[in-house]
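After this come two complexes, each holding chain A, first together with chain B and then together with chain C.
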Partner chain A sequence: MPLYGYAGKILRLDLTQRKAIVIETEKYRRWGGGHGMGSALFWDFCKDKTITDGRHPANVCCIMTSPLNGTIVPSAGGRCEVVGVGVGMYPISWFTRSGFGGRFSTMLKYAGWDGIVIEGKADKPVWVDIRNDQVSFRDAVNLWGKDTWTTQQEIWRQIGIQPETKHQWQDLQELELLTKEQRKGKDQGRTTQKSAILTIGPAGENQTAHASLIHDAGNGAGQGGFGAVWGSKNLKAISVLGTGSIRVADPKAIIRARMVTKEKYVSSWERPDLRSWTRLGGFPRPIIFVRPPTNDRRPQSCQGCINGCRTRYNVGYGNESSCQETAWYGSFARKVAKSPAENTEINLRSADIVQRYGFNSFLFQTGLHWLEHLYEEGLLGPGKKIHSDLPWKEIGTLPFAEKLVHALSAKTDIGADMADGWVQAAIKWGREKDLHTGAMQFSYWGIPEHGYDPRAELEWGYGSIMGDRDTNTHCFNQIFTTVSAAFAFAMPIRIEAEEMVNLHARKLSPYAKGRPEVLDFSDANMYSEAVAQLVRWQQHYCRFFKQSALFCDLKWPDFYSTNTPNLEGATASSDAGEQVFWNAVTGDKLTFEDGIELGRKIWNLDNAIWVLQGRHRDIVHFAPYVYETKYEKGELFPFYMWPCRDEKGKWQYTDLMGRSLDRGKFEEWKTIFYKLEGWNTKTGSPKRSTLEKMDMKFAADALQAAGRLGEEEV
Partner chain B sequence: MSHPMTPPSEELSHRLLGTVPYKDRLPAGRLLPPVGIIPGDVRSLGELHLLLAPDDRSLPGVNFNALVDWVERVIGDRDLADALRKTTGNTASYVDGCFKVYELVGMRLTQAREIAGQEVLT
Partner chain C sequence: MNDSQDRSSGKITRRHFLLGAGALSLAAAVGADLILPDNMLAMPNSEGFLLVDLKKCQGCGTCMMACALAHTGVASYQLARIQIQQDSFANWPEDIFMATCRQCQDAPCVDACPVEPVKANRPHPEYGNVRMIDQKLCIGCQACIEACPFTPKRVQWDHVIERSQKCDLCADSPYLGERGGPGGTQTCVKVCPVNAIAFTRIMPDQSLEESYFVNLRGPAWGKLGMSTK
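Coming up: the complex of A and B.
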């Protein structure tokens, strides 16, 4: 019986012994793929789950694919999941996750592997060369010190083209036609593709908290500091070249669902609705925060994706960078740019800098504003309390951007103090008060606020603090961006507030199905059981559908769509819902609710690991400024529109700015959340009864042995 | 644009082209649907002009009331503040307001650059 959608093997790399070991995927099939499998593999192979720094030799890092990778499932074919204990979080670096797109995960599957488990530490720098089932550890001493782009070019050069390979254009008419029998196996072992490489740059080699993993020009696993994890293991890069394919259970069903997606949910090219309200069905467009540098460009997507959210330009810079990377230097570049074109160039070249250093620019989101604050307050600079020889007066210029990223990557200048984390540096510098005033907006776990302030957008903030990192799951916040943009343009509201919440509630099975009040973020409802159910749904949905099945975060879930007559999006639908694609690929008979339940199990396994690491409800809280200061109106945007009920129960879009969180009420909300999850309300630890109902006795036993099992409560 | 402004004095022109102290910065941001908002304070009219430059994929984030107050109190340009007050109080939408503020600020910068003898950017 084939494992449809899976390659069938997981590669275990023991860097200490330089051994490659095969694990049968079948053993981990119950966890789906991606994050779920990664958590289970971490559980089995990490010998010390009390570690709180990802650079510890016991840490295990898993690079995982999904059954959907390498298929044509829309916006699900090319994501890759990374798990392990992270670096640089505060107060504890949790077992955490990151993800990236591109073609690495698909190539890994075409090479015959569903994932890679990385353990131990090489005695000197290595890179791993995977070509189908051939795995070799290769010397990376000459690659150490090189940036991520140079490293990939050098590996491509080393892999080279075999001397006997035909690499010139072929005349198809002159090629011998093969019989079916002769053709058998001929597609194996040859490819026109470059290998897919995942690598670290100088930031990772120096094991700094800001280090990411980079693939191709601009696909990065940023959050979690996994570049530092690789650096600690002396692992420079993994290169994969695969020439196989993936068997799917029901190809016709995939095509059928994909055609339904195109014809029913996606915006029509013949009759374009350029202002449609939809996620999955939107027109392809680049996600960059600046004007494109040129119109001579082409979209660039993860393998199999219908979106093309990245771009390659003929000017040769900014290629494949998207989203926050294109804006980390934005407000500073404006200080020196003389025109929008120059502003674009500085921003996109700054994006190139962080990509090459393997540097997680997300930390600059609010972090660089904090450093500027310290400089402007006279606390940071030459001879100041926080000594820095960087030319802070030149902030906004490209040379300064490079010097700053270099210092933080090389652990020189202020980089020496910041290598273990930004909040750790604040404490070292005696600047804890900045977390009270909001000068340092690192809202949760030592990580910057994302742009969806926890005081306004509750599911983002609550989900982040109940989890392990900035959640970065855009399940619901398109409500904010879409509705706020409509208000900004004074455009018609395509979906009124009451209809909007009802459209969502139809799909929030099982916890919140038919309960639109879960989306009511008004002052009166913000600490309610309803909001707790919403946060649970989001966490469980994401743990399976987004982070294990690897549906793209920016396209799924698709709750509503003005492309369809009844305004319903594709999520959970019987014709093109997530479970339809999953079943077509794997041959499973999974219901949408089964997927949510599997996500709950994965979420509980993660929580068991966090508890072993030292999690207790007492440390589950936001940075003080979230409770002590208000999210001022106009702080970042003039309004933050969200559907809320008024005193009479009428739904309307309401501005959520101008409030803070109440510490005591949030503590009460946590108790509600723990109760719903079946975790002990005093500690937040999972209870045996909860775990055993999910067939996770092994986790209960381990927690009990460690004295960390949650007590049963009446 | 129906708000002719008296050309600024040389002293005011230099202020209009300068940078205000950090403590006097104007809070601002940028919204890119569907991925979110990024922060980005403004410390000069030139920065404000770049922030407001029309872009078909993202929106500048500025509180108009705070902006008018900032121009009047921090930059010290009552003429521009009055023009902005009139303009932002009479717009079809927030985005329309951004366009109009962009034009007004651009005009004022041009005036200031001419008086200060700087290259006038086009």
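Coming up: the complex of A and C.
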């Protein structure tokens, strides 16, 4: 029986030996795809799972697709998952994940590969050239030092891809760099497309903690520092060109469900509701945090997306950057810009800078405020305790942005101290107290707070600390942004609090179905079993549907929608729910709950790896400021609106600012969470009984051999 | 567009003729009303055409993948009858090109098909004379691909089965689940998230490549802060 939705092969790249080895996907089919398969591959191929720095030669980095990639499943066709041990986290760089969009995963599938397992280290810089089943290791010495955009264009030139947008079909066997045998081999087909390239820039080459992987102009895998992982392996880029196709189980059903999505759940172009409350069903709008520089632009999206969140302009800067990278310099640029137009230009050109350097600007999210604080306190600067020759007086200008990113990418100036991680630098500089005062808001695992403070938005914070990184999963977060924006700008509340939580509860199967109280983040409920069930649901949903099936985080789950008469979104629906698409592509008979259960298995496998790396419940805690100071200054709004029950049990949108977490009560909440997960409550380690019920005896055995298996409890 | 509704109605108003030894047989195959004096055959106009808005497309490739799915049951770029090309490093609007078959009045790809007695590539009277390739008749000579004068070629080569294929306005799309072709559904039109592809029965000006490029950006587009010009 064919593996519907899969290419059928996984490519194992042994950089040390410069060998390309084929793995049959079938062996890993039980894990679904994406993160699940990546975790299983890491488990099998990483020989030392105690490593805690992704730059270790034993680290294995997997670039994974899903069966849905390369298809028209709405906002699931073009995501790609990256897993491996990360770089720069604190106190331990966990086995972690990142993801990016665009067309890389689609092209990889069409080239015949479900994923790439990268292991070993090349003796000198290489890039990998994949054209269908032809895999070649190429010298990257001439690419080393080049930025991510130049690298991609140079690879296109070396391959012989025509430089124009509109160009003729190209026969793969007539492109450059091929051997005689490859030219004479079987017909590899033709394409009108440019190869899809994933690459690192100078930040990755220098193995800095803030290094990302970049594809096209603006798709980046930032968190996790995977750029540094590639840099440590002397891997500059992977270029993929595919002319194949993917068999699906039921093409009619896929097309029908896609049409239903467009016609039922997405805003109508004929009767546009520009202020609809929906995730999947909005219009294409760039998620940028400045005014667009021009109306002469288009939306731009990942493959298969139903409403693009990026944009390309005619002004020559800012193309494809979205979300955080368009805001990392915002509050600083605003101080020096003489006009809104100049503010936009500084911000979008600053976004270009981080894209080109392959720099994870998310670390600036709260990090740059901290550096400015050190400068303003007279602690950082020329001749100061923390010596820096950077022109800090010019912060907010474009030249300063480039000098800063350059220093941190090249490990010069303060970049030398920060290359191993920001909290590590704080310790080196004697600034641990900044994690107590909140001057340095790196909430969890040495990673900045995301703007969704753990003292307010509990599922975000709790999910992050129970996981491996800033969770960056927006399953419920739109409640905050939508409702707070409505309050801030006096816009109509389209869905009242009680209806909002009930709409969610209908779809929170199995743990929280019909339990709206799981969304009650009031002081009275914030350490409850109900909130633990919500966090579990989010982690399990994301590990499968979002990070393995690769439904886009910004569009799914779709709990509610003002586009439909009953306000229900597409998630878990019988006509266009996640499981409908999964089954149409793969031929499975997966229920929505089956997907959550598979996510639980993947989550447990991840936790087994974390435990082998050294995780214990004692180190699972937030940065001290989360407990010791109150959340009083929001990044987006001066309040944090969320549905809560009042003393009489009535639901209303309530401001969650002004509180801190109680350390003792949070520890009690952790116990509840561990118990629900079947993990030992004293250590947080998975128990054999839990793992074996999920057919994961292999993980239990490995934990036992390492002396890290969680003891059974009554 | 400079043609009239009457001109694109499918009536034989074409001045271009197909000549050759198999002409009579072909005429019989496609319908007696196509037989003209002196053993000359007229190529009836297609009754439908695709129009695109190059400034609107979001580059999601959904049309390509859906096209391949509807026709062949597999997801693919290469097997898509519509090709979306983009350069991530170019600026709007030169960053995207949408290549659709023009259903040419003269249709050089039809002209070039050497298959006898019935051309593999021919206007199909049951489907509004859309120019279609019958892969059961195609001999894989690629003459139709060579003949297509556009960049990129609007006839695709399926290297696995070694046959040509082209846009048929979804006339033969067994996996679409509804009737295609002129008068029916065109998958790419229906699936495009931003409605950057449209169907028309009015033949665009054949002398200009640009006549297939139209402005499909309505008021909602402007309200989203994007140019409608």
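The rule is short, and it goes like this: the second predicted complex is superposed on the first by the 682 of 714 C-alpha atoms of A that agree within 3 Å, B and C clash if a C-alpha of one lies under 4 Å from a C-alpha of the other, contacts with A are read in each partner's own complex, and residues count from 1 in each chain.
The rule we apply is simple: a contact is a pair of C-beta atoms (placed from the backbone, for glycine too) under 8 Å apart; a residue touches a chain by one contact, two chains touch by 3 or more.
Small disclaimer: the values here were computed from a predicted structure and weren't measured.
Aligning the two structures on chain A places chain B and chain C next to each other without any clash. Once chain A of one complex is fitted onto chain A of the other, the partner contacts of A:S689 are absent, as it touches neither chain B nor chain C.
Of the two partner chains placed around the shared chain by superposition, chain B is the only one that A:H369 touches, whereas chain C remains out of contact. Of the two partner chains placed by superposition, only chain B is touched by A:A490; chain C is not.
By the touch criterion defined above, A:W269 lies against chain C but remains apart from chain B after alignment on the C-alpha atoms of chain A.
By the touch criterion stated above, A:Q17 is placed in contact with neither chain B nor chain C.
Set against each other, chain B and chain C touch different numbers of residues in chain A, with C touching more. By the touch criterion stated above, A:N343 is placed in contact with chain B alone, chain C being left untouched. Between chain B and chain C, an angle of 100 degrees opens at the CA centre of chain A in the superposed model, to the nearest 10. Once chain A of one complex is fitted onto chain A of the other, the partner contacts of A:R285 extend to both chain B and chain C. In the superposed model, A:G634 lies in contact with chain B only, and not with chain C.
When the two complexes are overlaid on their common chain A, residue A:Q158 makes contact with neither chain B nor chain C. After superposing the two complexes on chain A, the closest approach between C-alpha atoms of chain B and chain C comes to 9 Å. Residues 285 of chain A are contacted both by chain B in one complex and by chain C in the other.
Residues 279, 285-291, 323-324, 327, 330-331, 334-335, 337-340, 343, 365-366, 369, 372-373, 376-377, 450-452, 474, 477-478, 481-482, 484-485, 487-491, 554, 632-638 of chain A are the ones that touch chain B when the two sit in their complex. Listing the residues of chain B that touch chain A in their complex gives 19, 21-23, 27-44, 46-47, 50-51, 53, 55, 57-59, 61-66, 92-96, 121. Across the interface of their complex, chain C is touched by residues 70-72, 77-78, 102-103, 106, 110, 149, 152-153, 164-169, 187-194, 216-218, 242-248, 251-252, 254-256, 258-259, 262, 266, 269, 272, 274, 283-285, 292, 295-308, 312-316, 319-320 of chain A. Note for the complex: chain C touches chain A at residues 55-62, 65-66, 68-70, 72-79, 83, 85-97, 99, 151-153, 156-157, 159-160, 162, 175-177, 187, 190-191, 193-195, 218-220, 222-227.
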